[in-house]
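Report on the following structure.
The letters A, B, C, D, E, F, G and H name the chains in turn, as written, and every chain counts its residues from 1.
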Amino acid sequence: MDPTELKKLLSALREGQLSVEEGVERLRTLPFEDVGVALIDHHRELRQGIPEVILGQGKTLGQILTIVTKMAEQGSNILITRLDREKGDALLARFPAGEYHPEARAFALAQKPVKVRGKGKVVVVCAGTSDLPVAREAAVTAKILGNDVEEIVDVGVAGIHRLLARAERLREAAVVIVVAGMEGALPSVVGGMVAVPVIAVPTSVGYGAAFGGVAALLGMLNSCASGVTVVNIDNGFGAAFAATRINRLGER
Amino acid sequence: MDPTELKKLLSALREGQLSVEEGVERLRTLPFEDVGVALIDHHRELRQGIPEVILGQGKTLGQILTIVTKMAEQGSNILITRLDREKGDALLARFPAGEYHPEARAFALAQKPVKVRGKGKVVVVCAGTSDLPVAREAAVTAKILGNDVEEIVDVGVAGIHRLLARAERLREAAVVIVVAGMEGALPSVVGGMVAVPVIAVPTSVGYGAAFGGVAALLGMLNSCASGVTVVNIDNGFGAAFAATRINRLGER
Amino acid sequence: MDPTELKKLLSALREGQLSVEEGVERLRTLPFEDVGVALIDHHRELRQGIPEVILGQGKTLGQILTIVTKMAEQGSNILITRLDREKGDALLARFPAGEYHPEARAFALAQKPVKVRGKGKVVVVCAGTSDLPVAREAAVTAKILGNDVEEIVDVGVAGIHRLLARAERLREAAVVIVVAGMEGALPSVVGGMVAVPVIAVPTSVGYGAAFGGVAALLGMLNSCASGVTVVNIDNGFGAAFAATRINRLGER
Amino acid sequence: MDPTELKKLLSALREGQLSVEEGVERLRTLPFEDVGVALIDHHRELRQGIPEVILGQGKTLGQILTIVTKMAEQGSNILITRLDREKGDALLARFPAGEYHPEARAFALAQKPVKVRGKGKVVVVCAGTSDLPVAREAAVTAKILGNDVEEIVDVGVAGIHRLLARAERLREAAVVIVVAGMEGALPSVVGGMVAVPVIAVPTSVGYGAAFGGVAALLGMLNSCASGVTVVNIDNGFGAAFAATRINRLGER
Amino acid sequence: MDPTELKKLLSALREGQLSVEEGVERLRTLPFEDVGVALIDHHRELRQGIPEVILGQGKTLGQILTIVTKMAEQGSNILITRLDREKGDALLARFPAGEYHPEARAFALAQKPVKVRGKGKVVVVCAGTSDLPVAREAAVTAKILGNDVEEIVDVGVAGIHRLLARAERLREAAVVIVVAGMEGALPSVVGGMVAVPVIAVPTSVGYGAAFGGVAALLGMLNSCASGVTVVNIDNGFGAAFAATRINRLGER
Amino acid sequence: MDPTELKKLLSALREGQLSVEEGVERLRTLPFEDVGVALIDHHRELRQGIPEVILGQGKTLGQILTIVTKMAEQGSNILITRLDREKGDALLARFPAGEYHPEARAFALAQKPVKVRGKGKVVVVCAGTSDLPVAREAAVTAKILGNDVEEIVDVGVAGIHRLLARAERLREAAVVIVVAGMEGALPSVVGGMVAVPVIAVPTSVGYGAAFGGVAALLGMLNSCASGVTVVNIDNGFGAAFAATRINRLGER
Amino acid sequence: MDPTELKKLLSALREGQLSVEEGVERLRTLPFEDVGVALIDHHRELRQGIPEVILGQGKTLGQILTIVTKMAEQGSNILITRLDREKGDALLARFPAGEYHPEARAFALAQKPVKVRGKGKVVVVCAGTSDLPVAREAAVTAKILGNDVEEIVDVGVAGIHRLLARAERLREAAVVIVVAGMEGALPSVVGGMVAVPVIAVPTSVGYGAAFGGVAALLGMLNSCASGVTVVNIDNGFGAAFAATRINRLGER
Amino acid sequence: MDPTELKKLLSALREGQLSVEEGVERLRTLPFEDVGVALIDHHRELRQGIPEVILGQGKTLGQILTIVTKMAEQGSNILITRLDREKGDALLARFPAGEYHPEARAFALAQKPVKVRGKGKVVVVCAGTSDLPVAREAAVTAKILGNDVEEIVDVGVAGIHRLLARAERLREAAVVIVVAGMEGALPSVVGGMVAVPVIAVPTSVGYGAAFGGVAALLGMLNSCASGVTVVNIDNGFGAAFAATRINRLGER
């Protein structure tokens, strides 16, 4: 129930078209969110240029097509993450205006132009080639969420000079997303080089005692660089979403 | 820059083909030494109102006194975290202008007035009474780092109405820090209620299968609310440091 | 040996058709459960409308067909859980009166009408679309066990208003089964909203630090809502079985 | 806001003492739980003879005394769990009408007589002597929550005849709470002997690969007896709370 | 109910002193173990020279004294394991005929002479000095259980010649108990050197990635020597008990 | 070097055909096992009726054929464990006298008749149908190692009467191997019912928090039945090998 | 070096107070740019006979071909590890001069002759046949890195004499790499037999509680042999790389 | 038996003082290591300037004094690690020539002058102040083992310039030991900066998800810098011992 509807209900009451008892009953049985006007602002805000996001993993093609078709009818921009190639192709066949990013395993459909917003650049730093899929998911997400995005790749800490050589570009970031697998040490070094928020994304890259990203995750949680925050293993989307919230906070 | 190129550059300088300023500039934009300069800005920025921070845990009183004394001589503001009562009292005896926060286990010495900065409020939300020490560490840290801080306590998800009743106050936040132990579910609910960055802090509160905060940590990393980022178990300091970076990004 | 047979044995003894030694021997060598008259009530009770249940996983189609054929001959209702589509189809071919629920991966054969019993509704609450298979297993099981079942889906805690809007329906439950993956926070919120027993089912939905359902499991075990009990990861069947025991306790 | 207050508000509106805009505003800014009439019934129900419960662990004596004093003024029955002897004695000194159960580490203050309710007995079955503290916590909790409670102790599965000898008493239970450490096998056996709900409580009893109760917890979650549900390690309180919800469901 | 009592019951029935219904009732309500004549032999066998064993850990001195006093009255030999020095001294004061083994943390009271039985020697092999307490627990247990026991100490695999030098003594064993912490490699080597049963006991000796005995436990479970079996971490008692069963199997 | 060869060497020395220096050199450079006469007995003993055993897993068909062919030429009995059907069929084609046991995934080639030895029966007890492959591996192994083997299946603890009904047969065992997945409780119950050695084999049967057999493994390591020893998850072979060592110890 | 100092240095140079060589030297010994030069030596050193190494895992064939083609143009020797057969064949088709080692899953292209260097032999000791792939990866790597390599296979600790018989060959090593799965005990024994550096490589060989190499890894980290160091599970490459650094240290 | 004794035995045989049978018997019953002449060289080598090392942890003061006294009588240099202050003082009282290093928790008694040997410097690099005890253990050990040792402290990766500023000193190392807790990232960076062997020591420094050094350990095992090897958590001694073996390999 948006405020308008609430007003109508109260007006009916005020004008005697509704008894007090009926009013109590109507309010009692209304879904809570209708009363939750506090949440409406939030939703409105979210809808300004933010696409609908669907986690593709664990859904059938049929389910995804149903959801996307319905959303597309409302003119929304749409992002589907963790979508394999086959389903991506099927979506492309149905929505030729969309784009499937095979590396990022993401499908994006921008029905409305994406307006670039925020304080500045979201820089996605990526330790190794094998971390690219997760970095790309972050980049694709950040772009469709309306950020200016830049990628810095292959700057693992074992060749620290490669990272240092990009210090200038790092300094231009409003938010830095650092994607790394194996020992996950990169965010600690980056966190010491910049003064802006750093979001670390552990990846499942590695083998043996990498334990599918656990080593990187623990490394990042224990980062000796103050102020690094962490998202789930391989969660490039989540990092980009958080970066967007941060970047928008900084806009005038 | 290899030695040959370096020689060429220096020769050009020596022969007057390059001014000193140009030389500085050239060297500055070269990979490595450039980094040196990049870090200086960063350091300068960091030093503007940001206290020196010392991790008290694992240091003897003697070591801490030595470090603090040296820092205090430079007029710095100082924050010591994870400092037990006994050491806190010893520091108070030496630095009576400081404050020891027993619940937060933090000692703060503000030799220069702390200027409130940033986009808006850092709101620290705390699930239960037992999570208070970590929430307080976050609040004390955020304050001495120059943020306007507000606390919302005892709003665990098992009584969801208590949290909903604070929706208005949550909406006023520029950044939200959510502190919770046990199942660590609070950030998921809060993340769905606000549109600003949310930093989750798992605490070691609980017993049995809480595994010293692991249950809460995993809960937060797997939050179904997009854009929640996480710090280490009991790391109220780190959350506040990250929140400060975010909050400052938002200031004009 | 049911009481009748026991009586026969004792009568034979009493009437001198059996020596004391023979009696001791007969009692000694009888399977214990025959003597275990205490257990008989239990079995009888269980057999009243409760189907035979087979865990399909880890059994070959041949083994399953053998077991089901034998049970079907006795007129039992039969439930097979964790049965993949291929085997489900094979069972349907043999038992066309049965139903295969592909989402729930369950095969149900109701040879006798299932009588609805119990105190009231078993409400199955499901956090996200990906948790549906487990929720459906719970629902299918609860139905063939004779419960009135209702499902509430897609009410994850990141959009808390969706759940609150179903408060009325939750209040009508005699028992609530809450199915959730990822951080597994839903049972904590539901547990605070109702006064009836709540059974939490963690699912293996999620990735990375979800660890195949461990994050959800730990979250549920550490629920801050008093009185939530938990079953194994993805064990929709077990939750429904427990709910049935509870629901029947409440019937007159 | 209880229904009465809501009626007053709506009446004022109806009688023109409040404008529609004021009505919207009042409803918007009211704490959500005031609107949450659904929750009020729940609370009322909970308050009928159910004591206030405080988790003693992680709270200072001062905090506990403050909370208890305030609750005691409202005439509530009070239960404090996980309270060490020293604090228990301090509470006894202040509230001589209370009882401290050292083995259960629980303090109970029954200001109003506890009315026994529910379908039948809550039977607490305990594997070994070392599991007694947790079993006692369950028993003390179940009693102050208004259940008829019976204990069966020292019936570990390694001497299965000891358990079988109590089959009769087990059959009299409306709900069974099974408390066991080490391998946690007891609930599987009990679950096969009774037809009523079984709640398993793993304890941290054991050493080495018992891992502080993890072995027992896993054993119980994987119980081959259908319908066993599990609570956190050492959580006797939670088991008793769940048992109470179940037992009350069964009362007329 | 032992066979004699069963006979009496059946005789009464046969002689008409008991009706069939009474017979059914008597059998139904008898504790199951009474019917479980199978178990009686086992108990009798166990009581031949096998002491009563009490796990001291997790019991108060009062509880232990009560149990021991009662057992002592029946003339039993008694073994208490995991008993700290203080309690050991208290027991000695009450039972001066007993022996407290501080290293093994065991108290033994042999009221009847212990008769040496079994096929041959139980040889306890111990990797390092720090593993001695567990080895001693095994040795003390094996002795009071009636085995001929020999110890071989300080033969860690890093100095393999020390072990090889004891090959002769190893060959004399009927059963070998191998006690080792850290990497737990000793049973693999010993298992390859002898043809008799080998029981491995991991100890919690070590630090860091020893994880309190987990490294040794895993090492032993994965032993490449066929036929090594394993007991819980630090469970010298259990190894000795198993060794006794094996050793007795071998006696004529 | 067997004693004969050693004698020859020493004789040559004694007879002056070898200098002392040559003798030292010969002894120094001899493989250690040649000197290791202690080991020879062991090998001889092992070779009496004990087949050569090959772990099939992780070996190519080519490697296995090479090894088996070589062993077969020496007339050995051969057992290959963890061998999939395809390789099993290939072996059968080459060695038609062998037997492939698909359930046990084992190939046995008995070129010499297997002589039954040992104190008595090795009884393999199996909790559920899904545990059968591991139980069969144990049984097949025990048989080819020369034991009299008996199987008791489907006696899970949730229907304890099924196990109790087999008490008589259990009592006839010289050694009991107990195979169980899920919570792994069966060895605790069996361990309390018999007085002979009990070897527990956890299986990877189960799902979710069964963690591939970890739950069962931990349950067995923490068994409250004294004297149960444990082998690796799914290691039916190892249990049978250990049982054979024990059973042979008992033979005259 | 801050800009002021840098300016001073450059001014001195410009004004002729400093020669170009002195300038280079001054800059070289300054922290950051110095580092640049430091690395060059290192790189140069590394490039002397050290191949370019590519981790094949997680890269597409296309990516690998691009990288290899580019490297091959520079005349480098190239090693690709963790490369499956299919990709190996594709590389062979393009670079017929290369060698694909299927067991080691490595592709080596030696465009320049590999010069054997270092103090002495790198001896790769391998516990069992199943560990061979990792051992071969180590051997192949060590060879193309310019070491003299020798392999000792199938010397698991359960047959300790097999290892002892190779003592002579072990003594000839400059560095020993020990490859073992299951309990990972071999490095402890080898570490006690030689006085040279020992690098332990745990493999994922085993099942059940081997946990994919974790048991072996823990065993090696806790080795009671002083001075054993460890690399990641299955990381034969890393061990060989470390061995090469060590071996070269020893050359004149 | 050293070669001399062996010669004597063989001479006696040759000279007819010993029959062949007696010779076989003597050789058979000799401790194996006596035959193991291969090992003697190793021992001799080890004894050249290498102190006797005792792990103090888990030993009583009495045990330590006994061992040290005995060793001291033989004039050995002695190192005791993991020795707390109290025991250290007691040793000093008895052996005033020794040194107790409280930070390293090590006691060293150099009865013979320690000769500096090896290829070059062992450089111990330490991430933070809290890692110092482990770094000191490494340094103290390396010194008494005869290395030239240098320490570089407080060069955590979050301030990468601090490390880069020491590049020159790093380049002078023959072996580098890197000690770090928390995320354990330092070895990856150092490993990329030097061409000599790098040994990584994880420390238990940190809290929460540091898991007592596990995060650092995993980080180091997964280091993206090729050729880093790892020792157990907090095992400064082991790293120094390995470094010594390496360093000596490099000496002429």
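Basically, a contact is a pair of C-beta atoms (placed from the backbone, for glycine too) under 8 Å apart; a residue touches a chain by one contact, two chains touch by 3 or more.
Remember, it's a predicted structure, so these values are computed and weren't measured experimentally.
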Any chain touching subunit C and subunit H at once appears in the list A, B, E, F
Over half of the residue-numbered contact pairs in common: that is the test. Which of A-C, A-H or B-C passes it against C-F? A-C
Gap in Å, rounded to a whole number, between the CA centres of subunit H and subunit G: 23
Roughly how far is subunit A from subunit D, centre to centre by C-alpha average, rounded to an integer in Å? 40
When the C-alpha atoms of subunit B and subunit E are each averaged to a single point, how far apart are the two points in Å? 55
Set of subunit E residues in contact with two or more other chains: 32, 36, 38-39, 164, 167-168, 193, 208-210, 214, 217, 221-222, 226, 232-233
What are all the chain pairs that meet the touch criterion? A-B, A-C, A-D, A-G, A-H, B-C, B-D, B-G, B-H, C-D, C-E, C-F, D-E, D-F, E-F, E-G, E-H, F-G, F-H, G-H
State the interface residues of subunit E toward subunit H in the complex, per the touch definition above. 129-130, 161-162, 164-165, 167-168, 205, 207-210
As the complex stands, subunit C meets subunit F at residues 29-34, 36, 39, 55, 57-59, 63, 82, 202, 204, 212-214, 217, 232-235
In the complex, the residues of subunit F that touch subunit E are 36, 38-39, 41-42, 45-46, 53, 119, 164, 167-168, 170-171, 174-175, 193-199, 217, 221-222, 226-233, 237-239, 241-242, 244-247, 249-250, 252
Residue numbers on subunit H that touch subunit A, as the complex places them: 127-128, 156-160, 164, 182-185, 188-189, 191-193, 206, 208-211, 214-216, 218-226
Across the complex, what residues on subunit A touch subunit D? 3, 6-7, 10-11, 13-14, 16, 19-21, 23-24, 27-28, 32, 35-38
